[in-house]
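One structure is given here, and the rest of the page talks about it.
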């Protein structure tokens, strides 16, 4: 059994992924991509940062664009149940000899930053400013009509290690790819909030962010986005899709922002609340796990990722032909 | 047999419905409805008129909004094959003792106005200014994403007479409702361009315009429009639907503009090119002909219509309970 | 503040609604409705019962059809975290002087039945037989392509009392309608699993089941079901819709089975995981809370419901005109 | 100007494409593909042939599967206005020194076979047995819900010659790709029935059939077909798509039947009735003409086609890199 038993008694209660900061070179260019094209809503903007939320979200931000000289990724942020759990979380990371730093984040209550053992920068908080609902202000919907941030996906140099670590924090594996030859994990999807994933890991030089993902209402919204991007100068930013993943059953599209940060737009996962939910195992040799319909992903999709700030990258411990069996 | 045999040798070649002029009381208010909400594109505007086209149309206008004190409807306009056919058309109307007046219409070549025997004002022309295609400028799509004007529907005080007249002009009946008791036509759908209808007639005090109609890509665009109208102050302008007509198999929505002019938004008719196409007969007693799914139409839908300029209105020759069998 | 503060420390952990038993007069007739028309999958059937699941469910059943002389509703069943929580649940109901009976249910582990204070029959269990995933066996999808059971909705003779009771069990209010005049709750939507509702209550003679609900992929699946029902003898079973609820933002359809049990087919709710999620308040005088698009619900929808086995029904404590403000 | 002026006075009136015969090696295997998977309706079947129609068609067949040792394509069939036009058509082909053979075709009136100058086998008739409408028998819809046959697409060894020939017959060019260097046509789409095409030609070794095409209601039906094919043993038969063509604006999918005959499933073209419709010119160097969204077509799509019975194939007169600029 390559995946650990689910841990229903984690040291503190992480509710869900919350947001991420992307460092971009030109805020105006990125605004055009995320706001005018994708349809995210601006909740605040300064000379240094743009704060964005999706249509059904009431928290202040799910994506922060930060101006910087070098495109990279800041902390992957998660919301915890309350301040007591936040303190327990900080204590736990310290107990693991992982760095804990309390920081001030606008629009968030007390927040600490830390890293996972591979160096992925993480951020935890309990409360964020709440905004008025806009999910029924239909005049605001545009672009792909993004409803909510859904998950992060990271290149991990050792997926077994990543899964073991996050499993301690209560992230439960829903689907995974196993390298039959070695019994090692090639990729794994883990969740807290009752869907297929809050964070997923795939084997590769890392740690790097493979993509963040937004949930949209139907496949037709994704087709609308493709038409829009293809005729407004973004045809080169369409990387892969549309298609159906075998894993997760998602109808997906992958796009690259002007700095090369990858976003997945998707719909169609399923509920994973049951504690007796069986994780679905996929074989590394089965190409339909990646694209149910058979079309291969482009090479860039296996190779390109965004660097995390301050994280050292190393090659994956596992190797396999990225062409034959990525 | 209540409907006349198709006439494949009409006196001149009418290609399709083209456009209509609606007289509205406030151009700014109507612009907000047709442009900002429905998503039609402005091709010209003055203090007196706004010219609009839908997304796949290359002719200059399919709808003209004209400022006026009293909401009413101008000519129902049709495009003919060429100038020779236009002249033949004018001669034919004169031969029927119907009025023919040559008029100047901006953006149109030589144009004549006339009336059908019930007084419906008609307009014919052969050439209109052609504009650049915009159907692949996806950034322009908004609202319900209207693709093209599709048909007119009129209250007729005598549908048998209306069908007999338009049949002479080559309009072919695709579907019709017959009053079984009397053998009279209650309603009829007639086409020139190879779909279910260019112009339809339904029994009632008339002549009046029941509605004009726009074709849209999918039912989801209609749902999007409903959400938009319901949350931007237009909930009272939603009259009927969404639903499926038995007749024509259209997925439909009926809305009223700020002056009470009715528009149908729809998709899903079928091709009617074959000269041996059998018209489909519906019984006046079958409620599914109106709404396949069973929900009744509101009373206003049977009673309200727009007056044509200069046309006298009379009661319908046929009567039936509008509640039981409209 | 008419709704109680969320209770994050309930006496035992209820995961989600699980299933319901409907007593029907003729299994073959009901099978035709739920299996051939709606598209639920049969997981077992005997002369007395048919067990059904939806496409993404791996538990053995979400709906049990039981043959009986009189149409009625059996227990509303919920899944709890584990056997320890099940025992805690039984103890808690006993502590409230509510009846607890341990029963044998095929395909379920240890199960107890009880009632809420209004007499609604409830059932709790921790484990059910798990079946192979079928969500990617696309040849099995048919009808409306039901993905999962989503919620129950009950007529309650006193919604304040119902909400107070279920709040003790950790059900959190997401949206509610308040009678401004009295400050009483008219209706409330409460959840355990992170969506808008697992169980909802609406003011009326009760307790009675208003409806059960299935989640489907997109509005187009609902349109497909309407077309299918309308042309296979079920047009009279279409009660209300399609439409958009103001409350919950659901795109909905209500249908009646051959015994009059009501099912809602819907999509488009939102995530409600955050403990600081603000419940949305609606005014009883706002008709858009029921239908965002304005069309009124038919009278039957306010009046008709299914009786629970062994439950006495009483009139609602609150009254209001069901026509003006239901 | 590389395309000929439209010919509005052809020697006889061809209404539309009608049907095609595909020779297949195993009728049962092909039936499974076209009937059980695509959802075409069987209108007759014998040991030698299966006759099929799509959901809105009332003519007896749009596709005939014929058992044979070697997969190939029979006549591309077209419906003409009436028997007089049929006779004029036969006379015209004779006048061009093209072979004319009167044949008996089940379910068709008088029919003649001929060939175009490149050897493409053609068939013309005026009347076919008419069947009852089934477009509102929604229980029959399955697979991709094909509504009607839409067009043929052929590899032509000389597209200029093909277009010149069909232009004589009244087929009008709607869009075309021009090789800027030589001024030659690389591909052209021509219609009779008022859409983007009844028959199209693309440069390549020929004559061969590139594909036949069916029109479906929405992109979601195409996604449904992909899911179905991918999980019922047909994943290898998915060749290209889904995607949006620049040319024609079609949302498309290309699939191969068990004998390698290619079918396009598509929706979203536009009306082309106006005699003054401007053909849209695409540059051979613009990759978005093929896939608006940028993804390249697989090599097989440029190379593979079905042979016509009795037609000699020759290399294309024009050459260009099929990788860079097909």
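Quick notes
As written, the chain order gives the labels A, B, C and D, with residue 1 at the start of each chain.
Convention: a contact is a pair of C-beta atoms (placed from the backbone, for glycine too) under 8 Å apart; a residue touches a chain by one contact, two chains touch by 3 or more.
Bear in mind that the values here come from a model prediction, so they are computed numbers and not experimental data.
Looking at chain C and chain D, the chains that touch each of them are A, B. Hopping across touching chains, the smallest step count from chain A to chain C is 1. For chain pairs A-B and A-D, the one joined by more C-beta pairs in contact is A-D. Placing every chain at the mean of its C-alpha atoms, the farthest one from chain D is found to be C. Taking each chain's centre as the average of its CA atoms, chain B and chain D sit 33 Å apart.
With centres taken as mean Cα positions, chain D sits 44 Å from chain A. Averaging C-alpha coordinates per chain places the centre of chain A 50 Å away from that of chain B. Each of the following residues of chain A touches two or more other chains: 136, 218-220, 227, 230-231, 292. Within the complex formed with chain D, the chain C residues making contact are 136-139, 141, 218, 220, 224, 227-228, 230-232.
Taken in their complex, chain B has these residues touching chain C: 218-220, 223, 226-227, 229-231, 235-236, 238, 242, 244, 251, 288, 292-295. Residues of chain B touching chain D in their complex: 8, 15-16, 56, 58-59, 79, 81-82, 127, 130, 133, 135-136, 147-148, 193-194, 217-220, 246, 249, 268, 270-271, 273-278, 280, 292.
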